[in-house]
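Have a look at the structure below, then the notes.
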Amino acid sequence: MTAFSAQLPATVPVTVGDRCCFGGTDLVVIGGPCSVESAAMVLDTALSVAASGARMLRGGAFKPRTSPHTFQGMGDPALDLLAQAGERAGLPVVTEVTDPRHVDRVAGVADMLQVGARNMQNYALLAEVGRSGKPVLLKRGLAATLKEFLLAAEHIRVAGNDAVVLCERGIRTFETASRFTLDVTAVPVLKAESHLPVIVDPSHAGGRAPLVAPLARAAIAAGADGLIVEVHPEPATAQSDAEQSLTFAAFAELMVQVERVALAVGRTIGAAPLAVGASV
Amino acid sequence: MTAFSAQLPATVPVTVGDRCCFGGTDLVVIGGPCSVESAAMVLDTALSVAASGARMLRGGAFKPRTSPHTFQGMGDPALDLLAQAGERAGLPVVTEVTDPRHVDRVAGVADMLQVGARNMQNYALLAEVGRSGKPVLLKRGLAATLKEFLLAAEHIRVAGNDAVVLCERGIRTFETASRFTLDVTAVPVLKAESHLPVIVDPSHAGGRAPLVAPLARAAIAAGADGLIVEVHPEPATAQSDAEQSLTFAAFAELMVQVERVALAVGRTIGAAPLAVGASV
Amino acid sequence: MTAFSAQLPATVPVTVGDRCCFGGTDLVVIGGPCSVESAAMVLDTALSVAASGARMLRGGAFKPRTSPHTFQGMGDPALDLLAQAGERAGLPVVTEVTDPRHVDRVAGVADMLQVGARNMQNYALLAEVGRSGKPVLLKRGLAATLKEFLLAAEHIRVAGNDAVVLCERGIRTFETASRFTLDVTAVPVLKAESHLPVIVDPSHAGGRAPLVAPLARAAIAAGADGLIVEVHPEPATAQSDAEQSLTFAAFAELMVQVERVALAVGRTIGAAPLAVGASV
Amino acid sequence: MTAFSAQLPATVPVTVGDRCCFGGTDLVVIGGPCSVESAAMVLDTALSVAASGARMLRGGAFKPRTSPHTFQGMGDPALDLLAQAGERAGLPVVTEVTDPRHVDRVAGVADMLQVGARNMQNYALLAEVGRSGKPVLLKRGLAATLKEFLLAAEHIRVAGNDAVVLCERGIRTFETASRFTLDVTAVPVLKAESHLPVIVDPSHAGGRAPLVAPLARAAIAAGADGLIVEVHPEPATAQSDAEQSLTFAAFAELMVQVERVALAVGRTIGAAPLAVGASV
């Protein structure tokens, strides 16, 4: 971590399904609700984010929640709803897995497995997603150094899985004006120190809808390979993360802004979806 | 968390075996190696810490390690060695469990289950130790607020288990002179905000042997109900946490110092072990 | 700070000299050496950064240094060298003032006074620069909340000076891969909460030359009104901040990259310098 | 800072007046109001804390306040009131100085000069108090590493003044249950790394009156050479720091508790005040 290579190592792309490739010239934006709340809401969201240029659908089935007394997700039924919505919208899906005993079941439905910030050092889970054969979206722990983050990815790799995408989602600092502090510096450092694609979650980092677009633009400008963004048909009624979810219109506007910045740094977004592998 | 009650709620003691009671007048000091490395080393350590006044034996079988390339613990065999050593020394044993699928097995051998800092928000694991019926030692996550720490304990409680002992073990800050920053303030805050006993781990907090005794004294002076301390027959050769492990002699000296501070704050240590329940 | 206005308050531009205006459509990039080391080096740097599109020259005369045993700056002579270089290059100059007793002297030479991170809550100094009549570049303290940062600006305002430009320069966190952690979220928050222009210092935030360009791009993408960047004719020989200083070539390349991002977010850079006031 | 000496360097005591000696066997507790608000309140407080065993009187005349719109202290008149109260109570006085231009004036009245946390890296001020010939109480900046803290003391020393007492007063972390996070580990680290006496400010660290006593006990148990505590005749009406100020009765009770812990670690408190120099 001490020596910063002027020469970046080439990122080795990670492919999900046949339309999604993290780490190439084309950026991948993942959109979707924090939690799957009903068939209708996840389908509506999937169709809307796809129309705006998202390449993957996110949605929580098993929600790790700080308090045991808040909504914990719909569980298994949500997995099927998510997969159906993804199929209808033509988007592969990513969802969080929180228990090593659920990995097989989730991997049977999802195209990519997410390990959340709370579980970045849950080594039993890392080993199991490593054995799953599915690509993994690994989020940074909120007090993890970048060195520890890369070592967590190494736990997945030694279990047999090289298809890991890193996700910076804000770290915990003294500042309270945002939910967490987006460590945008993590993007160039991780790109320089590893071969793994790096995306950013501006929704959790900022914690408030008006901050999502500026943080998303900053992430792409710093060299991120994509974004994961929370979108909800009616954010005010969301059962989790209401404050940070974007409306469909705000997500569409975000995509326009992000594309402009992407072009400014030599990247594309939503270009040539069917031939994405070729653009790498 | 905003209102600090001048009137402390009475701590409800948590009993482990028939000799150990956390949260009474008598303090509980847990001693033992970071990792169980052999039958001889854990037995020697158990006998030595017992002779110095420790009330419980600690020892790692399954070690969560930041890098997958370092010693991960001996696993199952270590559990038996730990239990045998505890029995010979007359000490109940506590060991960490890191995988919900291991809880039954570990609970079959250990008197108390430890959930480590990395897993404080591993809710699958919290639910499983909650169902185990065994008392739980829950360590604070290194970026967890005290509110989040108490909510993690609540995850165990809603699974059916009230026997939780909280352990402050240092938080992550900008300071690098110690491994972590002991948040000694956590002790009075947690005692005021909950009914759970609170102990402190000065070994991980400080990260260097010469810091263990001052931090242990500070913890007891602030009102902690006990300590958990790493002790090794020959720290320089330890396979993990070598720098912070105490020699037998240093642990014996620590106990003398801690007892003096305990008496100064109206507590005892190692007093009347057989009738400890009565002193509460 | 709790309510985030969807509707940004209009930034009230701050003008320095007749060519520089912070907070308009056109961005302001300040370039120059950490310390003025000789007449030749500061003039060379001034001419080079001006040719690359910088609008203002920076350079330290009085350097606040953590250790009293390192280079403290050339003091008074450096002020004159800086001013002469600025005049030759057609750039107004900004330099740090650290002592309230120096304010008159520095204000007699510099076009803008910088208050550094260490002095963000040095209220005697804030009052004095407030009385100086010169525009002030106020850097955020490395553990200052955004609320405290805005209140520090208020100390300058109540002393009679509204011409304050805020500068985010990285905060102190647990992460050690970069010198500080750039809080890029500060940009949209400060723009939403105040009328003051906001610039970013990617050099101190990252602390290493290869990080400067990605952080600079991120800052502009997030909505910053400008940048302050350390540039040195021969960074390896710099008497302070050698690791984070850019060569002339690297600065020129930075400006190209920054301009592209600026255009992507509806800003210009280096456009129409003589009529900049008109573009606001 | 990397090597922790098992062998502590002997602390070189710092003497203030003829009754106060920091760094000997006997501890020094400083008590008094945050701000001097009237002649009566400071005299009452001085007499009360002296009767309870305090050895020095504190009181603010020039208050550095985060907002320019809150009470900034009475200024010069407060200095005289503080000195008169100290004299009547037989206590030397310490007060904060925030402006290098005030040092001579404050040094003419106070027995010890305090440099506050906000000014720990205000090098112009450090140089001036270094030249003053008065002992200095230097508070740790809220994001200062211990290495930076010792280098700030070095700025005073190179200006000609070795009589520096270090004060740990809490650092800024993510935790919000207390005002700051007392870094109690700083006490043994600073004692090991320097010859300077080290005291602790539990009032600012905790920020709430019920936390002051536990933190004070922890500090002494960890090896601190003294305490500085905010006391007010009627805390609820205090013009600053109301929440963290102790009543006279609470301070008296604190002293009883602190003395017990002091004896447990081989220290005394309030013993043999007239011959304190001899006990070192």
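Chains here go by letter, A, B, C and D, matching the order in which they are written, and residues are numbered from 1 within each.
Simple rule for what comes next: a contact is a pair of C-beta atoms (placed from the backbone, for glycine too) under 8 Å apart; a residue touches a chain by one contact, two chains touch by 3 or more.
Please read all numbers here as calculations on a predicted model, not as lab measurements.
Asks: Have a look at A-C versus C-D and report the one with more C-beta pairs in contact.
Replies: By the number of C-beta pairs in contact, the winner is A-C.
Asks: Test of understanding: which option in A-C, B-C or A-D shares over half of the contact pairs of B-D, residue numbers taken as the match?
Replies: A-C
Asks: On a C-alpha centroid basis, what's the spacing between subunit A and subunit C, in Å?
Replies: Chain centroid spacing, subunit A to subunit C, equals 34 Å.
Asks: Which residues does subunit D have that touch at least 2 chains other than itself?
Replies: Within subunit D, the residues that touch at least two other chains are 143, 172-174, 176.
Asks: Mind listing the subunit C positions that touch subunit A in their complex?
Replies: Residues of subunit C touching subunit A: 1, 4-6, 143, 145-147, 171, 173-178, 181-189, 192, 205-206, 208, 210-211, 214-215, 217-223, 257, 260-261, 263-265.
Asks: What does subunit C use to touch subunit B in their complex?
Replies: It comes out as residues 172-174, 176.
Asks: Applying the document's contact rule, which stretches of subunit B touch subunit A when the two form their complex?
Replies: Subunit B residues touching subunit A: 64-69, 98-101, 118-119, 121-125, 141-143, 148, 151, 154-155, 158, 172.
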